[in-house]
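In the two complexes that follow, subunit A is the common piece, with subunit B as its partner first and subunit C second.
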Partner chain A sequence: MKKILGILITLIVLYILTTIIGDNFLSPYNQEQLLKRTALYGLLAIGVSFVIITGGIDLSIGSVVCLVGCGVPWLVTQHQWSPTMAVMMAFVIAVAIGLWHGFLITKVKLQPFVVTLCGLLMYRGATRGFAEDKTQGFGTGYSELRELATGKLQITEQFGIPMPFLLLIGVGVLAWILLNKTIWGRYLFALGNNEEAARLSGINTDRMVTLSYVISSVLAALGGLLFILDGNSAQPSDFGNFYELYAIAAAVLGGCSLRGGSGTVVGVIIGAAVMQVLKNMINLADWLKSHMEFLIVGGVLLVAVVADELVKRRVKK
Partner chain B sequence: MKKILALTIGLGALAFSSCGKKDDEKKTYALVPPSVSNFWEICRKGGADAAEELGADFEFVTPESITDQKVKIEDLLSKGVDGIAMAPGDPANQTGFINEAAGRVSLVTVDTDAPDSDRKVFIGIDNYEAGWLAGDLVKEAAPQGGEVVIFIGNISQLNSRQRRQGLIDNLVDREKDPSRYDAPGQIVKGGKFTVLDTMLDGVDSPKAKANAADAITKYENLAVMVGLFDYNAGQILEELKQANKVGKIQVVSFDEHSNTLAGIKDGSIYGTVVQNPYEYGYQAIKVLHALNNGDKSMNPENGIIEIPARIIRKDGVEEFEKDLNAKLGK
Partner chain C sequence: MLVAQGVTKRFPGVVALQGVDLHVAAGEVVALIGENGAGKSTLMKILSGVQKPDEGNVSMEGQTLTGASVAEAQAAGIALIHQELNLADNLSVGANLFLGREPQRFGWIERKTIHRESAKYLAKVGLDVDPEFLLSGLSLGKQQLVEIAKALSTQAKVIIMDEPTSSLSQGEVETLFGVIRDLKKEGVSVIYISHRLAEVQELSDRVVVFRDGENVGELGPEEMTHDAMVRLMVGRDVSQLYQRTSHALGEVALTVSGLRTQVHPDKEINLEVRAGEVVGISGLVGSGRSEVLEAIFGMTPAVAGTVQSVLPKSPREAMAMGLAFVPEDRKAKGLILDLSVEENTSLASLKQEANGPFLNHGHEVALCEKMTTALAIKTPGPWQKARFLSGGNQQKIVLAKWLALSPSVLLLDEPTRGVDIGSKEEIYQLMEKFAREGMAVLFVSSELDEIMGMADRVLVMREGRLAGELDRADFSEEAIMTLATQSQS
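What follows is the complex of A and B.
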């Protein structure tokens, strides 16, 4: 609880602030959108937080989102694959990408930044190549498949919990168990704190590092799938652009240190929610200009990180 | 996390009674383009002027991408606007979403249509015909014929695809057929002209400039370079200046970017085909207001309000610019 106090306060303050200055912020429709967006970005953020906990970084997330987001509709609509096969293919490729990153980082001893930066360029390039830069989507069909992202668990007549949020909760619980209740989780933290010490104490660090990249790529693929099922339109040149940075920002806001060794799943999800509430606030408040979005998001993130740091220091004392 | 969820749902439940549109008598209309450009700034002015005449509020929101366009519109729906005029970035795939939005508020499309959606009215030009007009300009600029390269932001939008096709079909002397499609890398020959390539820049000006440079390097015998998005001709001209080829290669433009108008004045750009973005914005807001008041008089039977394109050459550019500046209040 102490670890996530700062970010939780930030979220609550933003919530109250937006209720005051935004129009209809609390309407069921808007809350549904917020839950959905938090889920989509939250999945990416949970993925990258595994990598960050081990002291690594994954810059390829946005491009994996693009690869899957464009690739699945491409396979389904232009190559007549069944949706199940296309989705399975997406996850097979995501696992392969994670293994490949892990191999290059642990065996070839390349830096994670470089490996995943090359991934960022390559997967987008590959997508633009096979999709011929054409916008991909499911048109008006495949509404059953799209339920995965557009469906809701109806609570009242006007409010339902969006399907992606239920998925986020599921993934969040699994991630929490993995990190906190299994020996692997302890290894991941140990690795992030001191890789050398972890290795000397007999942990197969290479395998753990590789595992973290596989998790990151697989959750990026899941995110990419949900993004395209929800939005139904992906341009290979810009789909998922900068999403790795949103994911990293949410992870850092949620208490992950880029030096490795710390982070909580709940914090990361709240971090993702903060980003989305902030963007929503800018759109809902009349006097905030939406083209200044990045300035405001960047500024508030900085304030939140500083505040979090101060709160943590105080708690330590 | 549980607390947050509980808080969210709790607060959401509290708001059930107050949800929906604002109760104010003053209506709010929004215009949502697919991207940011000079063209949309002019459109915005038209929308703002119409809203002022109607005593309504006007909002102009600029998405970063097609994905973001959906987010921006969802937020407008949350906010409770009374009508939305949008230019869908990807009509075929956005149809479902457009229907969802059109089910909540009055919705019209401008510039790019989504013909299969529930949008009430489309306000714009026939892009195939407008592209055809650009073809007429190319033929005037290079009566001897020759090699042509086309520069465009994307061809995923129906309007840009049709605009490009109208141009190509005119150049190679084909019969009119808006459903025809030539892939970008394909060389199309016919009559006096050869269309060598179509270079896409993803609505990214620096990329558009680099494309122009690459084309000048790659194709030595270019007769005409045609820029089909508003910033393209300006970027082409910059590269021609740096390569000392102004006047040797003709430039034909689309839309009324200030660089284009300056180029036409000094003769470095032959001419441009202009739409009327001011009128798009103006009509869109007027139509939305009429729809909300149950007034169907502005709602044509086929659902399309066509605002024709025009050709601007050196002789007409001064007058055109004067009128444009007057509208923009410059």
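What follows is the complex of A and C.
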């Protein structure tokens, strides 16, 4: 609780601020959109936080989002695959990408930054190749499949909880159990703090590190799938651009240290929410230019980490 | 020359130093001893300007230092040599000597000057290496001498050495002592921190004993007996540090045959340890002692050979054979510093006790409770991060982690390095207890005292091979050192 208190307060303050600034912020439609976008980015952020806990990094998330977001409609609309097969294929590829990253990092002993940077370039390049750089989408059909992203659990007449948010809660609970209640979670934290000592305690650290990259890629694929089902249009050249950075930013806001060994699922989800409320605030406030979004998001992130560092130092003293 | 008066330093919840006085005359070698946490390191940090005292002051040749910075202390002629050397491995010896204060002309580093000056200071410490030589190519002992040369090159008048011999072999220690004696002749003072009382006796003019942040006594050369020092440090009598009882040995519990390590692939190691036996491995630093243990445990897999009947490729495989390993560097390899005492204690046995993939929290709590009691681990609670415990307690947690698996063979690399004397005694008692209960214990130590005190049998290594073996009855420093150093015929 102590670990997420700071980010929780930040969220509440930003939420109240935005309520004051923007007239339509509290409208049911806007709140639904906010929940949905928090969920989509939150899924990516949970994925990357597993990697960050091991002390690694995954820069390929945005490109995996692109690969899946363009690849699934491409298979379905242009190659007449059944949606089920196409989605299964997407996850098989995501698992393969995670295993591949894990192999290169643990066995070939390359640095995670380099491996996933190459992934960032390659998966987007591959997508632009097979999709011939054309916009992909499901067109008007496949509304049942799209329900997965556009559907909602109606609460009142105007307001419903979007399906992706329910998925986020499901994935969040699973991730929480994995991290806090299983030996694998303990192993991840242990090796994130000190990989050598973990290995000497009989932990198969290579396998655990690989697992974290698989989780990251699979959640990136799930995110990519939901993004395309929701938006129904994906440009191979920019779909998912920078999403890995949003995910990493949310994870860091939520208390993951890039040095590894720390992080909480709830914190990361709140981190993702903070990012979305900020974006919303920038869009709603007339006096803030929306193309200055990165400046503001970057600034808030910086303030958050500086504050965290200062608090930590005080605690240490 | 150097005078500290009434130095007090408080940290939240702890008074690290309480009105401490210390004076050092020119050309004097003063030893500073005390258990871990007695305040030695804090005082050193204050003398060298790393930390500022809350009360009191430090003066050098009559001039009071503000205690503001390391640079100020350096300018006044005080140099600190850390236990873990502060050198850059990837640079040459000369570049290290002048790191951060390279002689320059128009922004270009003057390599010739560095070379000439380095050679001068290296000669002073009796080190015959080319200043162009890469530091990483030197042994730890020689690197230590480079540190001293570096201190001399800053015109240091007081050199503080924090456990300088903890990673040196006997021969290197002799060289270091020779250098210190030369420094003394030239009027340089040395403050020498050590856990090794024999060295203190041999080297120092005066010994200052710390306990609980206070200066509890000083001993002159005549009063500097082992017992007197220990009594002051511990505040009680430590009757006998090494207590071994004789008991019958069991079957052979560890068989290593034809083991070739990666560092010495051309040498074969064969050894056996019986249940209930304590075997020590002695030898100089670099003779391949640690490498043998690491290969047996699969940490750095051997090139060839077998342990029991297979060649362990990973620690997991070695653990499956009932082996446990307490590494030399507990902070880097033994513990997860940011996990709690409880989580560290259960780490190796998590899988055995888990319900499928799920943690068995009840068992973790029980295990931690049992181990903290059995090994007398002092911690404010099971939730405390391992980082905040003393060296001795940390070492006991590493032991506890392995005991949870009830191993049949315990491998220990420098089991009491950086551990205070009270904990040392406790660790020796535990080793004795494990052996009595039928465990086979194989340990590496640089301290001859420890080897001769604890081992039933000692294996002496030289240049990667087993140079010889001595039974307890034949133990003597001379016999071991002869085996460790005699040139190959």
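Everything below uses one rule, namely that the second predicted complex is superposed on the first by the 307 of 317 C-alpha atoms of A that agree within 3 Å, B and C clash if a C-alpha of one lies under 4 Å from a C-alpha of the other, contacts with A are read in each partner's own complex, and residues count from 1 in each chain.
Operating definition for what follows: contacts are C-beta pairs under 8 Å (C-beta built on N, C-alpha and C of every residue); 3 or more make two chains touch, one makes a residue touch a chain.
All values derive from a computational prediction rather than experimental measurement.
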Subunit B and subunit C placed together on subunit A: clash or fit? fit
After lining up the shared chain so the two structures overlap, which partner does A:S262 touch, if you call subunit B first and subunit C second: first, second, both or neither?
second
Touch test for A:S60: subunit B only (first), subunit C only (second), both, or neither?
neither
### Message
Which partner chains sit in contact with A:A273 here, subunit B, subunit C, both or neither? Use first/second/both/neither.
### Response
first
Request  = Scan A:F189 for contacts with subunit B and subunit C and give back first, second, both or neither.
outcome  = second
Inset, instruction - Examine A:L200 and indicate which partner it touches, taking first as subunit B and second as subunit C; both and neither are also allowed. - result: second
Between subunit B and subunit C, more residues of subunit A are touched by B
Ask   = Now for A:K181: first (subunit B), second (subunit C), both, or neither, which partner does it touch?
value = second
By the touch definition at the top of the document, which applies to A:S49: first (subunit B), second (subunit C), both, or neither? neither
With chain A overlaid, the minimum CA to CA distance between subunit B and subunit C in angstrom is 23
In the complex, subunit C touches subunit A at residues 11-12, 297, 299, 314-316, 319, 325, 327, 332-339, 343, 347-348, 350-351, 354, 357-359, 401
The residues of subunit A that touch subunit C in their complex are 181-187, 189-190, 193-194, 196-204, 261-262, 317
Listed in rising order, the residues of subunit A that touch subunit B in the complex are 8, 11-12, 15, 19, 22-31, 33-35, 37, 132-140, 143, 155-156, 158-159, 172, 227, 231-235, 237-239, 241, 266, 269-270, 273, 279-280, 283-284, 286, 290-291
Touching subunit A in the complex, subunit B uses residues 1, 4, 7-9, 11-16, 18-20, 22, 36, 59, 61-62, 64-67, 70-72, 74-80, 89-90, 92-97, 116, 154-156, 183, 200, 202
